[in-house]
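Structure, as structure tokens:
All chains are identified by letter, namely A, B, C and D, in their written order; residue positions are counted from 1 within each chain.
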Amino acid sequence: MHSYVLRRLLESALILLGITLVTFVLLYLLPADPARQIAGRSATAETVANIRDQLGLNDPLFVQYGRYLWNLFQGDMGRSYLQRAEVSELIASRLPASLLLMLAAIVTELLIGLTIGIIAALRRNRPVDHTLMIFSFVSISAPQFVIGILLLYVFAVQLGWFPIGGYGTFAHLVLPALTLGFLGAGWYSRMMRSSMIEVLRQDFVRTAAAKGLSKGRIILRHVLPNAILPIIAMIGIDIGLFMSGIVVVESVFGWPGIGQLAWQAIQRVDIPVIMGVTMVSATAIVLGNLLADLVAPLIDPRIKTK
Amino acid sequence: QVDEDAPQGGSMIVTYKDDVATLDPAIGYDWQNWSMIKSLFDGLMGYEPGTTTLRNELAASYDISGDGLVHTFTLKDGISFHNGREITAADVKYSLERVTNPETRSPGAGFFGMIDGFDTWNAGEGEGLSGIEVVNDKTVRITLSRPDATFGHVMALNFASIVPKEAVDEKGEDFGRDPVGSGAFTLAEWTPGQRLVFERFDGYHRAGVPKLDQVTFEIGLEPTVALLRLQQGQADVPGDGIPPAQFLQVMNDPAQADNVIEGGQLHTGYITLNTEMAPFDNLDVRKAVNMAVNKDRIVRIINGRAVPANQPLPPTMPGYAEDYEGYPFDPEGARQMLADAGFPDGFTTELYVMNVDPNPRIAQAIQQDLSEIGITVEIRNLAQANVIAAGGEKDQAPMIWSGGMAWIADFPDPSNFYGPILGCAGAVPGGWNWSWYCNEALDARAAEADAMTGPENAEAREAAWRQIYLDVMADAPWVPVFNEQRFTLTSDAIAGDASLFVDPVHIPVNYDYIYSTEAE
Amino acid sequence: MEPGGTCPVLSVRDLTVQVATPDGAKTVLAGLSFDLMPGETLCLAGESGSGKSMTALAIMGLLPKPMARITDGSVRLGETELTRLSDAGYRKVRTARIAMIFQEPMTSLNPLMTVQAQIIETLLEHGACSRAEAPVRALELLTAVRLTEPQRRLRQYPHELSGGMRQRVVIAIALACAPDIIIADEPTTALDVTVQAEILDLLRVLQRERGTAILMITHDMGVVAEMADRVVVLRHGRAVEAAAVGALFAAPKSDYARELLAAVPRLGDAPLRPARASEPPVLEVRDLCVRFDVKGGLLNRTIARVHAVEGVSFDIQPGETLALVGESGCGKSTIGKALLGLVPWTGSVRVLGRETRGLGPTGLKTVRRQLQMVFQDPGASLDARMTVGEQVGEPLDVHGLESGSARTDRIAWLFRRVGLSPDMMGRYPHEFSGGQRQRICIARALAVSPRIIVADESVSALDVSVQAQVLDLLQELQDEDGLSYLFISHDMAVIDQVADRVMVMRLGQVVEEGTRDAVLRSPAHPYTRRLLSAVPVPDPSRARPVRLQDADDPQSPILPVGQQPERLHLAPVGDDHRAVPA
Amino acid sequence: MTPAAADTAPPGRTRRARVLAVLRELLRRPRAAFGFAVIVLMVLAAVFAPLLMPHDPFEQSFDGLSLTGAPLPPGGEFPLGTDLLGRDLASRLILGTRTSLIIGVLANGIAIALGAGIGVTAGYFGGWVGAVLMRFTDLMMAFPALLLAIVLAAIFQPSLLIVALVIAMVNWVQMARVIYTETRSLAERDFIQVQRAMGSGHLRILFAHLLPHLSSSIMVFGTLGISTTVLLEATLSFLGVGVQPPTPSWGNIIFENQTYFSTAPWLVFIPGAAIVLLALAFNLVGDALRDILDPTLKGRH
């Protein structure tokens, strides 16, 4: 088990290395000059050249990459070109908020999605099922901005149950998590539904019924845990989707997460920040997948991690 | 006109979508932190609140020698930084050398090019700016290498703010996170991505200023949401303005419309026509394009939040040519002109545009107008950095709509619209002169105009600049489209002279002079 | 055993069950009636699809909804009329008064719950004991079903147990609330003969100890003979005959029962196999080894090996059948797969004199034209989404043999060859019975006219009557075309019918080999003897030996890297008969 | 199951006849028929757009805006209202069907095919091929897709093809993961072993035997992917990769106007409804098709 985790960590590290390389190359190819972004519109050509020189942007790609890696290994992610602050600090100040939101969103989408999936599977091909299917497609197709503002308008402005955006308390968390969760719920409900239908056909469900167990218990203890297995792998994948999709929700709710930072950095070619955010989100994704793989055997004893 | 005796006390909340990049006056160069820095720092010069009139700020007096080359500033007495230390002439020299030091990588270094010794110092050689001389504790003498009428304005730029060396040395690159200046406010709290809190600086050199005890900036709020907050009484000024989508809604509601203050802005939105790329190397083609764009309709598309423009300078800028008619909107004539220029069937070209609303919409309007005269325009909808990069290449972007990146003057002087965006200096790879328009005769005249220093020459200088811009228009490297108006929405909780809410150098509002209606 | 009282514990009258089909309702049980007396074992026998499981499910109230429903009749449990019970009422009956053991022990336990949790859950649901007592009760139950190390088993998950152990757990659950009746739906079909014998013994002992009535469902007349007090023979949803077991076996009244009994293979009365002249063998296997790596560790290196097959050697002559027997997991299938190059192996395999070691894909392809394999489960080895005609034709396409109308003709010929009508070609596998599916698999194997067929448990999943048909078919093919078979099975009675020579395997190695008569009539190795004694004998008059055994952990063929299993050596014990000295 | 089970069509029926039979079966189910009708209508709308559009979809008509520059609500001359430039929304939606169908069906299709292909290959071959492919999948999953889009946008001329490619590159990953796991278990099943024993080539095993069994998962992802890709296309257009203005697509109509949803709801909700309808239609048809094509479910309702 330990060596398995170690091996997976090693693999993850390699993947991350690959990602730094690809991202670096892409940024190098990007036809936008960070030096000009720093120098501003009044700068002379010499000033720009001078800045390029100072930042080492004139060096060959591999030299720049090597330097970046070397610093990274020493725990130095560099300083933002535009904000001049340490990238690690910029990220550290925002990461907790991002993780919190992501966690809440995952919980929300699972709560909504799985509930709907379960009901739909149990009422398969009945009107309830069809209605829920339409709901899941609507939720998948809905633009987050619109959902966010609608929720905000109804629950924060009209009903006054929650603050109008911001960060800090549990009340602040509810609406953004709901917005993100709403989208994911559509996916999870569809997958949970088919997974449930599959499990409901299994022999052991019939055995459970033959034991005289109540319907609720059969669903909760026997069907659900088995049906949820394929979903767990999806949660790992989900983290990636959140990392890229979180920007809109963050800006609607004034959530001080990493998405905003990334978005602004990409807009203005702030390479150290882009690299840093990419690394962090890639790490989150890779760890998320790893976690999913590690959690699976806890639920399913058949999966041996050896 | 500004009520200097307004009561002190109270607080206000300003909202912003984007986080504040930095509060280092040598580095901050976007409209959001521009006025924040103005409230945290002071330079030798400043502006009368709500106007474009220069006044002495930290300087008690400002003398210019007859030839316009030597500028002598005397500091006020008893002025100190937020850390309590008294400001001396050495701080002025240090601050100006810091901003021009290549190591600082300041985007504003280029403004100080007229100071003697700039070229060597900025190239990383020598020991500071030779043109700056500390005469005594209170007096500093700055020698220019050429006479420059804009120097007073340059000294009022944020980049010329006075900073304490010990604080900069201590904080290093993090000075922008933890600024120490001598402005009306001090930074009390900065939670990244969430909020900044400014508090009154009790030792401020102007009595009775600032009016407010506290200004809170709530960060990360989408403009639509900021508006909701304001409507709920949870914010006082939406820093990003009224969101375009809600503009009409607000203006149609008399209660809210009452709280909207409209004003001009030193801004021009324009289309650059790359004079180095065919077919825009043909003057008639450029003129035809100028005649084809229906500016009235574009203004209507953005709900009338601008006025049509016909020349580079905005109307509130000295040197604006009131009686200039510009190119008339005349598609028929434009088509004829195009045919005469050898393009009876038009041609196909590209229009680069930044991808933030309303710019793509404006680009589509332009596209439709040009299609009327047979020009097929393909729109390239890109992130800001990519558009800027394309503009800096000689042969990449035939047309660029400047919206979102458009020129807003750094200081209220006509020269500010020329150098980087219309002069030869900007027409280099990586420059901001996206039309690649380079008229050396005009450049020479511009230099001459800037050399006309002193109040006695002001009128002549203005006339010279006016003519320069009219001559630029004769070559039609741009299609000036509109000058954006400012619409500032406020809550009832704050007040002040209307000019403070559309202050030309403080966007969105002049934080120092606005007061709270709840204050005694 | 004498039936206890005179008042039946369960009484089924005129039970009629219908299922919905596209062509309207179909009656799968028509007016079935029988009584189950306290303490007696009643067997429901009949071929696949005759409605046996439907009867069981109908009694349990577990008919698949909304497809199937009881349209008529009554099921009385003592005084209670079950068909009129509400859902909640039924729940109180299930397991508390009637418990059920399902056919598939592999899938009838929840893979995610420990044994203990699954037992306790039942106890608590029916209030059989308090939460605190539950673990103790669970332990008692496991001890009662003779599981070794019951304490440890409680904490294990189903996948950590062998099939026999799992079935014991299922039985323990069934016993949990001391029910009046246990319904066992083919409880041993999926198990090894030896394990089957153990489970049957266990059921008998438990019944004697507790006086539970058992309704046993099976298609195996051997099992019927060993277990039943009375028998009801079902066909097409109707009872064809109901009689005491002795009477039925001695003098079956209905034709169908007679037919069924005649089809039962009996150990020892197989026909003589003609002796054959020694010819060059079609298949020579020398020192075949198959090992699977078990990976692990930081660098994912091999840390252990499964020694699935260890140094097996044998020859097969033209027209000869070599039978391979042994318990589950001893490496029988793996040998078959190795011959076809489906798993990595070492040693030497010569097909028609040609060494196949080191052959590339094209070389293997020619080998595969000579050697084909028929897999154990005909259902699983057919692609459910392709018509059977297509599937039989596939080998022709793969080997580029026929195309166009010649191909169609060939497929039709193959269908006729295995006794199917060519107009079934357009159907899908699920539209066939098990026996028919096995015929299709055989037809597919025959498509390329191979000389040798590896038949891996080809008849284990089939009804006796169907089994007999398939065995006849194989025999016919051998007689006519001189095919050779490597016949893998664990059923001694079947092997007795078809084999020329027999090879007994254990843990990847051969423990005994020789001619059929030598190995089956005078077994030398104790393991062979155990296998033979476990075969249920279809003769109710024979005394039922009680060989109670604990289910033990099967020995493992997995050894750490570097460790080799001890090689066994065969010593001659008679004419053409060798065994490992005991 | 008795040997004399219900007889199906005679052998030797042609492919064409089979397709027709499936189609007939499809149309017999009301929900599937509805879905099918929606798809057909949308395809017709895309093909015959020029004939169907009530107005010129590019014309920024002066009557299309109110005096203050607000778009017009549905009704009157513009049946579905106008957009912020005064263009007829109905016409733009009809024309946008082209892009959105191509993206939702084609680009999504490529993504699904790529994901299924990689997943199935990795799962079927296993070993180092599988390891390399799955590590590559992990890498792609963790990779910032937006960045890729921006770089591509800046380097290439924007076109539908590029969008389709970018979407495919971003969206295949989840599919690959899921299919990989499923293939792993399928590949162990007997009927695949039989194929190997028979000497069947890999292609035959992959396409004739594995793929049909994966169709159910592919269907779930495929139909869900329709909405997501149509919306993703809008994001990409915004970044400059996708179809460029003034060419309409449902996604970019929503995207351009989403901030106006409270003042001009028709600009967001009508194209939104179109996307939901499209995805739903494919889902209904897909579900039915799966049932029809799964021979074990034949005839059950």
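We take it that contacts are C-beta pairs under 8 Å (C-beta built on N, C-alpha and C of every residue); 3 or more make two chains touch, one makes a residue touch a chain.
Note that this is a predicted model, so its numbers are computed, not measured.
Novice: What chain lies closest to the overall centre, CA atoms only?
Specialist: That would be A.
Novice: Please work out which of A-B and A-C is bridged by more C-beta pairs in contact, and write that pair.
Specialist: More C-beta contacts join the chains of A-B.
Novice: So, what's the distance in Å between the C-alpha centres of chain B and chain A?
Specialist: Centre-to-centre distance between chain A and chain B: 38 Å.
Novice: For chain B and chain C, what's the span in angstrom between their mean Cα positions?
Specialist: Here the centre of chain C sits 86 Å away from the centre of chain B.
Novice: Need the CA-centroid distance for the pair chain A / chain C, whole Å please.
Specialist: Those two chain centres are 49 Å apart.
Novice: Taking each chain's centre as its mean C-alpha position, how far apart are chain C and chain D in Å?
Specialist: 46
Novice: Enumerate the residues of chain B that touch no fewer than two other chains.
Specialist: 224, 383, 386, 389, in rising order.
Novice: In chain A, which residues are in touch with two or more of the other chains?
Specialist: If we look for residues of chain A contacting two or more partner chains, we find 30-32, 149, 153, 266.
Novice: Would you mind listing the residues of chain D that make contact with two or more other chains?
Specialist: If we look for residues of chain D contacting two or more partner chains, we find 150, 154, 259, 261-262.
Novice: Name, in rising order, each residue of chain D that touches chain C in their complex.
Specialist: Chain D reaches chain C through residues 1-3, 5-6, 8-13, 189-191, 193-201, 204, 208-209, 212-213, 293-296, 298-300.
Novice: Inside the complex, what are the residues of chain C that reach chain D?
Specialist: 21-23, 49, 337, 340, 342, 364-365, 368-369, 372-373, 375-377, 380-387, 389, 394-395, 397-399, 408, 422-423, 425-433, 436, 441, 444
Novice: Which residues of chain A touch chain D in the complex?
Specialist: Against chain D, chain A makes touches at 11, 14-16, 18-19, 22-23, 26-27, 29-32, 130, 133-134, 137-138, 140-143, 145-146, 149, 153, 186-187, 190-191, 194, 230, 233-234, 237, 240, 244, 262, 266, 274, 277-278, 281-283, 285-286, 289.
Novice: For the complex, give me every residue of chain C touching chain A.
Specialist: Checking each residue of chain C against chain A gives 60, 62, 87, 90-96, 99-100, 102, 104, 107-113, 121-122, 125-126, 157, 159-160, 170, 173, 294, 296-300.
Novice: Taking the touch rule as given, give the residues of chain B at its contact with chain D in the complex, in rising order.
Specialist: Touch list, chain B to chain D: 224, 243-246, 248-249, 251, 297, 300-304, 355, 357-358, 360-361, 363-365, 367-368, 378-383, 386, 389.
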